[in-house]
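In what follows, chain A forms one complex with chain B and a second complex with chain C.
Right after this comes the complex of A and B.
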């Protein structure tokens, strides 16, 4: 009975919602609330990348570009055209998704390393455009005084303002949870199985009648649209945009979150994003050494624990069960 | 006008020949291993810093600096292979080593950041201010040195690959590792050799790029990104293609700076890369990897 509850998805989703609800109450200072929002945005970026990397098997190093496109497009729509936030949000997500489809033209024809470098090139070009198209983006000077998302007015409820960190966290974390649920449904549907088949062996998948190209385009579009959404929230949360926030190293950071957490699972990138956002903050005491810890961690995980935190957790759980004498459950794993 | 075109042409060849050295290392490793080494960037940076400090230590002897950078590069290449690539070889996953070297790269950059700080170092060699004039064209001794050293290095590498037994063995491993092993070649030793040569080249080119670049712990990243573009434009594993592509990128860089805007360099280079990938995608290496299916 208890194990049935523990293994049901609905139980864990409700638990996640409760934890999201409680977090800003536990962390009442603005420093940790800011970190909570950064965590939520990073979770969004990491699950987005994992969808294309862990499930479709396409190493996309251009995630920083889609993140930046979402941020800049939505911000420019608000600041230059006076568009309402949520319409601009939709535009940012849409343009990022379309940019992902543009990149997927290369993914359709390239594999492995070639795709990695093509996507890296895409990220470099995007960064340089943001930096050099000064009449539009104000280049390295950046865009300032970006308003937070407007208050949410639901009839019958008090107005929800987003100029405070707690509500902004509820908004981003809520969106991240929603994205997680949707992606979770998607990867457990036949679409997810199709993508996994392409990841494992593209030629066999094609011989079974799968249109690999179509599915790769879809995976890229979804993954980059999610990153674009992260960018929209980032702009509204930070209030300033500079191109350096979307340099190619940001792609590596997101990749590190997916790898450390465990690619090919959705919960892995969530844990990885939280760990790699919170860990540097906890290590702030040792100053510049924190990024060294970061790099070493990625290397060690790939060398010794390629399944990331999730795999390590499963191994420990399996060993505990073995010790408890439940031999039949172990033999199944 | 003609002098400007010639002047920038020379500048482009100087920078381009250094990019060729970096890119040849990547191509060499890709040839034997079909793997990408992101830490190659930081070997370039470490080479530059090694040359900087050793040159100062030997009271301005730049050649001591270059030699030291070459040795440091070789050692690092050996380490990267021994620690990252050799253990991951059995896993047969083409993306894991790449990701691991991204981790190594983050680590090395930030170790350098802690030790050396973020402020760019001014690396002037004894030859930087030694100017030769041909009509209206200026040429520093440093530029002459760079072109000479890289020509010699490329020539030696080419001769090594073409005419020595070890070079032949390396090419055999690139073509077919298993069959090469059946012929009594130890592929693991040759892969290590490829890493050592590639990284020594990277260290050496770092020593010569140091005075050209904005020398910070992150200097290598800008170089390696261009080197990737060169390697793909030239065709992975193709030495002649890499040399031509490297010089083209060098020329694009100097002419874009002169006639358009320095900020557009990367956009032009990578637009060329993406165009290349769109027009001639895997074609350049597909012939080699067909048997993987």
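Right after this comes the complex of A and C.
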């Protein structure tokens, strides 16, 4: 009975929702609430990348570009055209998704390292556009005083203000949870199986009548749209946009979250994103050694847990079960 | 419990203990203490700012805490704000929530300073800035943000006027990183220089990711007779540019005629790293080590005694930030609000870098914090008066 509950997806999703609800109550200061929001944004970026990398097997190093596109498109829509936040948000997500689609139409012909280089090139081009198209993006001069999402007015309830960090966390984390549920449904549907088949052996998949290019384009589009959503939240949260926030190193940070957590499992990137966001903050206490310790710990994870935290957890659980089984056998004999 | 499990537990406990030991300093603060939050870049390309700022702050603390000021001791907590808006936001929130400072000093990079200003205003804690030059920081002005350093307009106008009137420069090529401060400084120079009658031959911007400046130096060499090359970059790119310009025979250090002009962004020791390529380089520093004022001589002596090295302008401006706060405390300030009022009322504070007096926008109006230094053939400095 207990093991049936523990293996139920619904149980874990309800638990996740409860944890999200409790976190701002446990962490009441603005510093940790800020970190919680950064965690939620990073979860979006990581699960988005995992969808295209872990399930469709496409090494996309352009995630920072889609993140930036979402942030800039939504901000420019709000600040230059006076568009309402949620409409601008939809535009940001849509444009990021279309950009991903556009890149993938050319890039799906490539594989492995070649695809990585092509997507990295896309990230570099996007960064240069954000930096140098000053009349539109303000380039390095930056965009400041970007407002947070507007208050939510639900009849009969008090107004929910998003300049309150707890509310902004609920919004961002709620959206991240919703995205997780949708992606989870998707990867367990025939679409997920199709993508996995492409990842495992593209030629065999094609021989079964799967149009690999079409499915890879879809995976790219979904992945980049999710990153775009992360960008929309980033702009409203930090209130400042400069192109350096979307430099290519950000793509590698997101990739590290996916690898450390565990590629090809949606929960892995969630854990990776939380760990790689929280760890450097926890290490602030040790001062100048912070980044050295952080680097060493991440290297150790990659060296000793090549399948990421999730796989390591599964191995430990299997070993414990094995030991328990052996114990039972010994006690019976 | 196996030996291995025990070892793992011990290591984990040590790590967690180490992490939390650092945060414990905040708890040790005494009642009569002025808490100073220090928001410095300690990682990334601007980390040399943070390392040198820290030295200046530590020296000031050592001197002030011997006897205290008006019964107050000073305590500093450093946070790495990494020259970026998001890390600076995280770092300042940690400072405000966990350390609860009476005043914050930093950041160095304009983008990061601009990002933390609204947070400081909301928290009603004054921010004393020394290293960011973007005009937006004090224009139109924020009641909680003060800047010691001359802004980009003050610096740009001064350096352009000096180039035109004193160095008799008539042509210039602008080299700048594509950042808020890089573009701002270059624009002000161009505007002032052109108004005076000078000509800008080229305005070349580049990202912080550019590592090879050979093509830019070659392009500059093809532009004809150049009198001055104002350059706005951090140290890493600055070194490569200076060496590339010397190799291309453009600047004096490479046998050319052009004089490279620089800003306070470059740390001391730049000349030694650039070698002969830096000969003839003229740059603004916030601190003149040849200054004979008593406060400067004593600072240099104390700095050498503590660190066994010569102080830099970054050491000096961090030292001045803490000394200015001490001056405000001496005048009766004891918390964030009274420090803000005290800073605004500052008249003719005489620091190591120069004097300080804020206008309505909280910008220091005194120009004696700008000093020009020319690199000599033996790589030493000569003050350009």
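Here, the second predicted complex is superposed on the first by the 306 of 333 C-alpha atoms of A that agree within 3 Å, B and C clash if a C-alpha of one lies under 4 Å from a C-alpha of the other, contacts with A are read in each partner's own complex, and residues count from 1 in each chain.
As a convention for this text, a residue touches a chain if its C-beta (ideal position, glycine included) is under 8 Å from a C-beta of that chain, and two chains touch if they have at least 3 such contacts.
No experiment lies behind these values; they were computed from the predicted model shown.
Visitor: One more residue to check, A:182. First (chain B), second (chain C), both or neither?
Guide: neither
Visitor: Looking at A:29, would you say it contacts chain B, chain C, both, or neither? Reply first, second, both or neither.
Guide: second
Visitor: Just chain B (first), just chain C (second), both, or neither: which does A:144 touch?
Guide: After superposing on A, A:144 lies in contact with chain C but is clear of chain B.
Visitor: Under the stated touch criterion, which partner chain does A:128 make contact with: chain B (first), chain C (second), both, or neither?
Guide: both
Visitor: Tell me the contact category for A:296 with respect to chain B and chain C: first, second, both or neither.
Guide: first
Visitor: Please indicate which partner A:283 is in contact with in the superposed arrangement: first for chain B, second for chain C, both, or neither.
Guide: In the superposed model, A:283 contacts chain C only, not chain B.
Visitor: In the overlaid three-chain picture, which partner chain does A:113 touch, first (chain B) or second (chain C), both, or neither?
Guide: first
Visitor: What is the contact status of A:19 with respect to chain B (first) and chain C (second): first, second, both, or neither?
Guide: After superposition on chain A, A:19 lies in contact with neither partner.
Visitor: Give me the intersection of chain A's contacts with chain B and its contacts with chain C, in residue numbers.
Guide: Touching chain B and chain C on chain A: residues 128, 131-132, 288, 291.
Visitor: Applying the document's contact rule, which stretches of chain C touch chain A when the two form their complex?
Guide: Where chain C meets chain A, its residues are 15, 18-23, 42-43, 78-80, 84-86, 89-91, 93-94, 96-98, 111, 114-115, 118, 136, 177-180, 182-184, 207-209.
Visitor: In the complex formed with chain A, which residues of chain B make contact?
Guide: 30, 34-36, 83-84, 87-88, 91, 93-100, 102-111, 113-114, 221, 225, 228-229, 232, 236, 261, 263-264, 266-267, 270-271, 273-274, 277-278, 281-282, 293
Visitor: Help me check something: in the complex, which residues belonging to chain A touch chain C?
Guide: 29-32, 34-35, 38, 127-128, 131-132, 139-142, 144-145, 234, 238-240, 242, 244-245, 247, 281-288, 290-291, 293
Visitor: Sort out for me which residues of chain A touch chain B in the complex.
Guide: These residues of chain A touch chain B: 59, 105-106, 109-114, 116-118, 120-122, 124-125, 128-129, 131-132, 203, 248-249, 252, 255-256, 259, 288-289, 291-292, 294-303, 306.
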